[in-house]
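Across the two complexes that follow, chain A remains constant while its partner is chain B and subsequently chain C.
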Partner chain A sequence: MAGEVIVQQFFNALSLGIMYALIAVGFTLFFGVIEVVNFAHGEVFMLGAFAAMIGGGVFAAAGFTPGTVLFVLLVLAVVLITGALFGAALEKFIVRPMRGTPDIMTLLITLGASIVVREAVMLFVPNGRNPQPFPQLIFMNSLTAGGVLIKAETLLCICLSALLISGMYYFIEKTVFGRYIRATAQDREAAMMMGVNVKLVFVVTLVLGSALGAVAGLMNGMAYGIIKFNMGFAASIKGFASAVVGGLGNIYGAIVGGLLLGFLEILVVSVVPDGSSYQDLISFLIVIICLVFRPAGLFGERAYEKV
Partner chain B sequence: MNTYILLSELIVYALFLAFIVIEDPLAVVGYLLALFFGAVVYKKKFPLQTQKLSSLYADNIKQVGLIAALLALTFPFIVNGDPYWLQVINFAILHAIMAVGLNFMTGRAGLICLGYAAFEAVGAYTVGLLTLKLGVSFWIALPLSGAMACLFGIILGLPALRVKGHYLALVTIAFGLIVQELILNTESVTGGTNGLIDIPSPVIFGYDLGTVMNLGFTSMSYLANFYYLCLAVLIFSTVVLYKLSNSFLGLSLNAMREDQLAVQCYGMNLTSYKLYAFAISAFFGGLAGGLYAAMINFIAPENFGYSLSVIIISMIILGGLDSIPGALLGAFALSIFPEKFRAFEDYRVFFYGLIIVLCLLFMREGLVPFKRRIFKAFPREAG
Partner chain C sequence: MLTIIDVSTFYGSVPVLKNVIIEIPKGSITCLLGSNGAGKTTTINTVLGFVKPSAGDILFNDASIRGLPTEAIVSRGIGVVPEGRRVFPKMTVEENLLVGASCSKNKANIARNLERAYTMFPRLAERRSQNAGTMSGGEQQMLSISRALMSDPQIVLMDEPSLGLAPLIVNDIFATIRQINKDGTTVLLIEQNAFKALAMADRAYLLQKGQVLASCTENTPEAKARLKDIYLKSTEQAH
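Moving on to the complex of A and B:
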């Protein structure tokens, strides 16, 4: 019995952690490359979920059968495009005009942008104030093996995230443009002098990170079946926390940080009695402890201030 | 007493009262636009006079404050004790206390705080629990609410000392949520989601502030009592923070905001200065919370959420970071204007977000930009 519970919770934690990791990768990319903490990143998570819901509805009405591979791919495309567009818009209207201002200003403006987007969804999506049921995208039986029940959605989400993360790894480590991104992160001026189109790098970074965040939103919708306009806030806190735990700017740290946070949360919920009411507190405490004892994160390099 | 100051403040007060009288939302928009363009045109047409007036205000800041305070005393009589407007103004004053408090930390010291509502919660629950459960007098509980918030400010400050910028934002958000969660989860003491009800109203010399204010010739809602109480606290907060901002402490915090490394090289102890900023700022949040609890008689954790912190931030951004008049103006503007658009109540938070974005994009210095001090000469001999 105990073993089954552990395996069950392992999968829960894995799917939660990988979702946090997808959000955290965005935070860490933005910070590493553009030196911006994007507080509006949680909203792309929410927008991704809403895009999937609305897109799913539209495709179902257009005659595609929910549950087919084509249908899922179409919804995924809609989600990715929504995230990418949001990222591009953010770059154009929010991040670029604020370049060269103190950190606190950029931070506050992304905060303002996140409020605007969140409230806009609440106001302008029909019945947006209330939780929305997320349409079922796949109709597959849950897998049962030795008393362990795993939802097909969970497996799909885990596979999808693994695929996306490996794709991103390939893009950043193996392609030419990935090299530009890494160069910009390392030294913006030097990269510019070597002829890297830094502006384009910024746009691509935001587009990439936001698209991943949107997929995390889709996963959240599939896993819980219900989405709400204000779900982005908690997601952004958790994602940022994961990125910080892993060391802001370090992509692999962010993935590990996300998984760590997911596992710790599930651990607390399942081990501590009445732990679910403390679920959110745990991640905050971890972050605060982490910031106090290892401000650069678990895998971050010790940062020295340039004078 | 300078006639120009008196006259200009009277005009502003009259314009404000006219704003309260106008009912129709469209007329309100028209009125505000007219005022705005009037101000812009005046500034363009008479740049010299504008300059003169603003330097007059800057040179006679004490007089300006005194006249404003005196004018404010008349407000309950002018609205004839109308409970609705008194309530609106009282909330505006509480927001103003919080805005000037937060401004000290975020504006003056450059330490971003996205969990300021937590301090108000601490203050409110201090007053609520002390007066309700222990029967302590409100007049003792109110300073204690400030002190308690101070303590929480230091608790927040300790982990926050090692972080800055983005990390500080995260820590303060987390702090705000942790305080809220703690209140929710300690149900036996704080009443959890149900909150605290029937918090007694303050009594001074046998006079209960929760009763109708009867002056013989007129009687006003009990809110008029609280209006004067809140106003007194606001004046106290503004004066104290003004003095502190211009003290050695305030200037050091200003220097710290500009360059932490540089001031460290000059031998400034960042740790203690940051803690001062946290503690002082938190104190005023606590006071506002204490007043809130006594005025509303009912407090619940959802009143002190993240959105309140954001609202206070948007007030100081609109007014201009590090500007006390700006913080006051921003707080009053953002508390009172939405009342005229009650039909669009749902759009309120949307509007706050929009203000943050637009201000930062197009009006980074706010409505009343912070004036850099110009050193005429060294006032005292150095050394």
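Moving on to the complex of A and C:
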């Protein structure tokens, strides 16, 4: 019995951790490449979930059958596009106009933007103030082996995220444009001197990072079946915590940080009596401990290691 | 090839360059001399668009490049060896070189220039998959120079390429600069090794407090001696 519980919780932790990792990759990319801490990043998570809900409703009304591969792909496309557009808007309306101003100003403006987006969803989505039921996207039986039960959604989310994160890794490490992104992160001015179009690097970074954040929101909807306009706040805290644990600016650190946070939370929830009340505390605690003892993160060689 | 016409710049409200006029003819080695804070690096940064001139114009091949974004300026055929080398520390030697080729779309050219870099500096070939940040200062300087040549520039702007290097390596670097120039690339050189640079240069300008104090536009020993005198006097005054 104990073994089954452990396997069960392992999958819970993995799906939670990989969702945090998806959010953290955005945080860490924005910090490493553009040198902004984007506190509106949690909102793209929320928008991704809402886009999936609304998109799913529209496609179902248009005659697509929920549960088919095409349906899921359509919803995924809507989520990715929503995230990408949000990232592009961030670049155009916040990052570009704020270039050359002190970092704290950009940070405060992203915080303001996050409130605007959150409240807008609350006001303009019908019944937006209340939790929204997230439509069921796939109708597959849960996997059971021994006493372990794994929801098909969980497996799908784990695979999808792993795919997206490896895609991101490949893009940054192996492609020509990824090389420009790394060059910009390591020395922006030198990259400009070599003819790298840094403005384009910023746009691509924000678009990709935000798209990943939106997919995390979709995952959250699929996992819990309920979404709410203010779900981005907790997500941004956890994504940020994961990124800090891994060392802001370090992509692989962010992935490990996200998984670590997921596993820690599930550990506390399942071991500590009444642990689920403490679940959200952990990320705050981790940020504080990390900032005090290892400000450069677990893998940081120096303060603010870059991609 | 590159002409700086009556350019003035400010950092905030502090004037840095005042009516600077510099002419760099095609095929030349032109040298910028002057003490720290004279405005040499600012001159390069102004050409590259990092500092916006408040007056004057900058012509490259007779077309104004003033106000263009940096990547548009360098993609017209300007290579840069920045002050302090500025290699990308967590990228391999080869990746550094490939970033230097960002302006070049032709894959065959890039492959050829990569080979040229490795022939010019066999050291870089040995270390092609090593992170640039782990190399010695001299090796990083070789990398920085090779990186600037990856896009087949018509002119290379070099800011203190011998800074902080051992004397033997400084000689190598100077020999390389001469070779690059012989191969047809125009060079703008900022050097703290003033006399060494002057000996090699076709033209030289002496900057002081953001102004051109004197220049030597003919490549004769007398003209160079005259500039050397003014240079020595100006540094004495500064102390």
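The definition used in the following text is that the second predicted complex is superposed on the first by the 303 of 307 C-alpha atoms of A that agree within 3 Å, B and C clash if a C-alpha of one lies under 4 Å from a C-alpha of the other, contacts with A are read in each partner's own complex, and residues count from 1 in each chain.
The working rule: a residue touches a chain if its C-beta (ideal position, glycine included) is under 8 Å from a C-beta of that chain, and two chains touch if they have at least 3 such contacts.
Since we're looking at a predicted model, the values are computed, not measured.
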Which superposed partner A:Ile226 touches (first chain B, second chain C, both, neither): neither
Partner chain(s) touched by A:Ala77 [first = chain B, second = chain C, both, neither]: neither
Touched partner set for A:Ala162, first chain B, second chain C, both or neither: neither
First, second, both or neither for A:Tyr278, with chain B first and chain C second: first
Residues of chain A touched, compared between chain B and chain C (which is higher): B
Contacts of A:Arg182 with chain B and chain C, given as first, second, both or neither: second
Partner chain in contact with A:Leu111 - chain B first, chain C second, else both or neither: first
A:Ile288 touches, of chain B and chain C: first, second, both or neither? first
In the complex with chain C, residue positions of chain A that touch it: 176, 179-180, 182-183, 186-187, 189-199, 306
In the complex with chain A, residue positions of chain C that touch it: 48, 50, 69-71, 74-75, 80, 82, 86-91, 95, 98-100, 102-103, 147, 151
Chain B - residues contacting chain A, complex: 106, 110, 112, 114, 159, 162-163, 165-167, 169-171, 173-174, 177-178, 181, 184-185, 261, 306, 310, 313-314, 317, 346-347, 349-350, 352-357, 360-361, 364
Chain B-touching residues of chain A, taken from the complex the two chains share: 31, 37, 39, 94, 97-98, 101-105, 107-109, 111-116, 118-120, 122-123, 233, 237, 240-241, 244, 248, 277-278, 280-281, 284-285, 287-288, 291-292, 295, 305, 307
